[in-house]
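Take a look at the structures below.
Both complexes shown next keep chain A, but they swap its partner, so chain B is in the first and chain C is in the second.
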Partner chain A sequence: MAEQNEIKVEVKNLNFYYGNYHLLKNINLYFKRNSVCTLLGPSGCGKSTFLRTLNRMNDYTEGAKLTGEVLIDGKNIYDKSVDVVELRRNIGMVFQSPNPFPKSIFDNIAFGLKIHGIKNREFIVERVEKCLKYAGLYDEVKDKLHKSAFSLSGGQQQRLCIARAIATNPSILLMDEPTAYLDPASASIILDLITTFKKYYTIIIVSHNIQQAGRISDYSGFFLDGELIEFDEAGNFFTRPKDKRTENFITSRY
Partner chain B sequence: MAELANIKKDDDSMPIFPINRGYIKRKKFYNGIAVFFAVMAFIIGAFPVFHIIYKAVALGHKYLNWRFISTLPTGFPIGAQGGILNAIIGDVYLIVIASIFAIPLGIGSGLYLSLFGKKRTNTFLRLLNELMIGIPSVVWGIVGFYVFSTNAGLGFHFGFSALAGGLTLGFIMTPIIALLTEQAVNQIPAGYIEGALAMGATKWQATKSVIMKAALGGIFTGILLGIMNIIGQTAPLLFTNYYNTGLPTGITGPGGAVGDLAMLIFIYIHEPSRILHIKAEAASVVLLFFIFAVDLGLRLINYLTRKFL
Partner chain C sequence: MFNLKYKDDLYKIILSVFVLSVISVFLIAVTVILFYSYPAIIRYGFPFLWVKEWNPPKEVFGALTFLAGTFMVTFLALLFAIPFSFGIGIFLQEYCPLFLRGIFTVIIEMLAGIPSVVFGVWGVLTIVPWLRESVEPFFDRHFSSIPFLKVEENIGYGILAASIVVAFMILPIISSITKDSLASVPKIAKDGALAMGATKLDVIKDVSLPYALNGIYGGIILGFGRAVGETIAVVLLIGNQAIVPKSLFSVGYTISAVLANTFTFAVISPIYASAEVELALILLAVSLIINIVGRNILNKVIGGRFNRSQFGGG
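And now, the complex of A and B:
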């Protein structure tokens, strides 16, 4: 076990239900500060749902129920006293399918700053530019910052969403298959970014691509039917998995 | 290609099925029939409209001039001379008052129904809203009379006035705007709202800056439908505003009543005067143009807000 102050997020006895459907079963794991953790598992096993429990995006889902604890910096985010809006400002999220706002490219990124009460135009312009550069999108869009975000390709939209997520300086970054829509070259850019990003963020990524996961992970977890089968340092996870089912999965037998 | 090569030989036998030319021909024939009926339906629907416009223009053309729409009615019976300015000005009063009341209330209710309320109460409220749309306008007229116009008992004692009439028309507009707003918001992809919330936006911030924008087209349709609906109404005005042959001196109390195109047509048609009958026809052409102008105006505002917001 890692030392307490190294742990950014800790999940304890987490159970999640859609109505009567018991989806996530007694999940226990932790995410270390400034590390990259990938979550793997076959389609439908509950990876996205798990990711969404970490910033309480399931709060509005009809019939969703949750027990257990998610501790961020030692504080249970499901505690009554926690302000969800405050919580989410500290957590950036990139969704499985790109979901830019129906606004200009510029405004998509500026949105996060504006809702945080930042009005300084110069600061915003500079920040937008920086985020786009970080996400490897700047060169492609620098001449059409005020065009609609929908004029971008799917992969460009996803990179815009990544730029948007980091604009507000979160300390945690949740990414649900951020490279699913990208060509290998752009995916590679993102993967490199993620490795750089961990200086600033604790990064939790859902991935379907075992090679990509192996390349960037410090930790990895394997989900199957809503259970966390294995969770370990990436070195062990990918080369000496303890569970047969993990081994089968990473050698692509699911 | 690589995958194709991997398919085993015995999986390779995709059975080829014969193309059924007769079937395709039949479907093309059905398609032709469907198009024919669609065109017929349009003609049957559009014919009366064009006929009415034709008749109205044919009868009233001699009054379709600038003087007619820019002067007040005079003579005996009143309207035998002069124009219909009182009704045009009155309609502007009524629409503005109804809109000031109904647009915020309707949009607010629609947003509440789609984003904020609890599921169970919303089902009930939605039913109530649909019921309100179904209430005959004459009933709104009576409600409006008791709430706004009557000078006895409870209510606001606005008298027969533009304010009482406009607010009553607002009652008719509100549930239409609420319904269309709710539907527009429900059609917004969940990703927009989730994206905004995940950034730490409050629900209101998400609504204001992302949802409203995406739903704007639908909301405008609601406003448009609402206004179209009230322009032609006479029943609600019978009990709350009635009709003024001159210009109003206020919006409540004595002198607060306004003219109205639909009421003007209604009244002129009931007068035993050939001139007034013809003027009613001319006025209905003006009413059509009025509706057309409002429609164009709103569409323009819609276009501009989408472009520059």
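And now, the complex of A and C:
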């Protein structure tokens, strides 16, 4: 039972289709509470699609079909009774390139709180400040909170998006190649954030960068053509992969 | 035999000739208009813009009545068209099932291609009787104390009839640009909001519309450009009397309508003709400025995707 409690997200027999195209094939894996898991794999193998099944972001995609289960805290999120808005409030998502809203820095972070019906101004101000501090951005923006988010640099925008994702106090953070378009210095800041964040969140990251993944992961998974080839603790995964294809990938033969 | 390089150069030369001839036709047109309006500009000066009287036999010319009519019709047409166009654009892009979107888009583009005289005839046959028999009696009964809503002659023709029909004519341009601007909002921006638990309406309100706003402004400005110069439909509907309209239901006149109706006689007297050409000059200046501003906004927002020919003229 203790073992069971450690599991935050469990994926069971997940299949995903774009129309007739069977993309994700019978995926089974679990993510432990307060751990960092990176998902690796060549381009087009379905990593982003998989990540988006975890917060039902494929719901709006034309022709998308899914079978199997995704259990979060033991409850299947594809159950009819699940409120998607409530679900997503509990799951923060950060995207490949920074995508701040066309609003002020302050309003970007307040957005999540507002759409979830929080009106208390003091609470919002406090929360915005706190999230900016967590994301290591506060000192850089504290004098221009009401300027447009687009006035920030790419790295700052990405940290703003991270601050925004944690504003509603989620328990899971999904990140789809969050450092892909950033310079090494900005990327490094974000990797450090991820390491400190696992105290509070269960973090699932899609990455292209094996070195970065090795640096931050507790667990790692390798996808190839929509199949999960290998999933293991990072120590084993990066040093003693069981599958030849995983080994080829982490020694960069794809 | 041409070699490739030589062929390229030849195309370049031929195309340049075409481009240059279009530009020179435009410049010649502007020069001619300036040349012919010059006597009136010198004789009447700036007061031309605010003198009310338009009396060809006495050679007293002021453009105020036409300016007032033009701007009232344009303003009201935009006022009627904008909310509907937004609704149509938002519906088509965000809510319409894919298979219907194509059909509706074609219908709206066809609406843009209908010649304006057909719109005018339709207005005379449907809008005018409707105004005369239902709308005007209603306003006369309930709102006759409000000057702007006073019905002076219950004839159906006038500012309101013209504005309603012009609103239909600019509806396609504003709704397609609203739709295109919404379509050009990056998916990742909308995904960001959805992932936070935003509803579709939240996304439209807080992400898509702010992103699309500049494009939509551009569409409004192009709609303005079309409304301000609209001629035949207005001639058929506005009542064609050179007075400053005091009410929604007044008759009036616009610059383009007076030119269409009287320019053939005006050429008999040089100063009369010159005054009318000056009206044309004002119209040209207004629509040119409006178009340049609108186009710049659009190009910034949706890049080269916008192509005016799609919206025809009439």
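Simple rule for what comes next: the second predicted complex is superposed on the first by the 252 of 254 C-alpha atoms of A that agree within 3 Å, B and C clash if a C-alpha of one lies under 4 Å from a C-alpha of the other, contacts with A are read in each partner's own complex, and residues count from 1 in each chain.
Please note the rule applied: a contact is a pair of C-beta atoms (placed from the backbone, for glycine too) under 8 Å apart; a residue touches a chain by one contact, two chains touch by 3 or more.
Owing to the predicted nature of the structure, the values given are computational and were not obtained by experimental measurement.
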Combined model on chain A where chain B meets chain C, clash or fit: clash
First (chain B), second (chain C), both or neither touched by A:102: both
Chain B versus chain C as contact partner of A:122, first or second or both or neither: neither
First (chain B), second (chain C), both or neither touched by A:88: both
Which of chain B and chain C A:139 touches, first, second, both or neither: neither
Footprint overlap on chain A, where chain B in one structure and chain C in the other make contact: 55, 57, 60, 62, 85-89, 91-93, 95, 97, 99-103, 111-112, 115-116, 161, 164-165, 168
Residues of chain A defined as touching chain B within the complex: 55, 57, 60, 62, 85-93, 95, 97, 99-103, 111-112, 114-116, 161, 164-165, 168
In the complex, chain C residues that touch chain A: 98, 186, 188-189, 191-199, 202, 206-207, 210-211
Chain A residues touching chain C - in the complex, by the definition given at the top: 55, 57, 60, 62, 84-89, 91-93, 95-97, 99-103, 111-112, 115-116, 161, 164-165, 168, 174
Residues of chain B touching chain A in the complex: 119, 189, 191-192, 194-202, 205, 209-210, 213-214
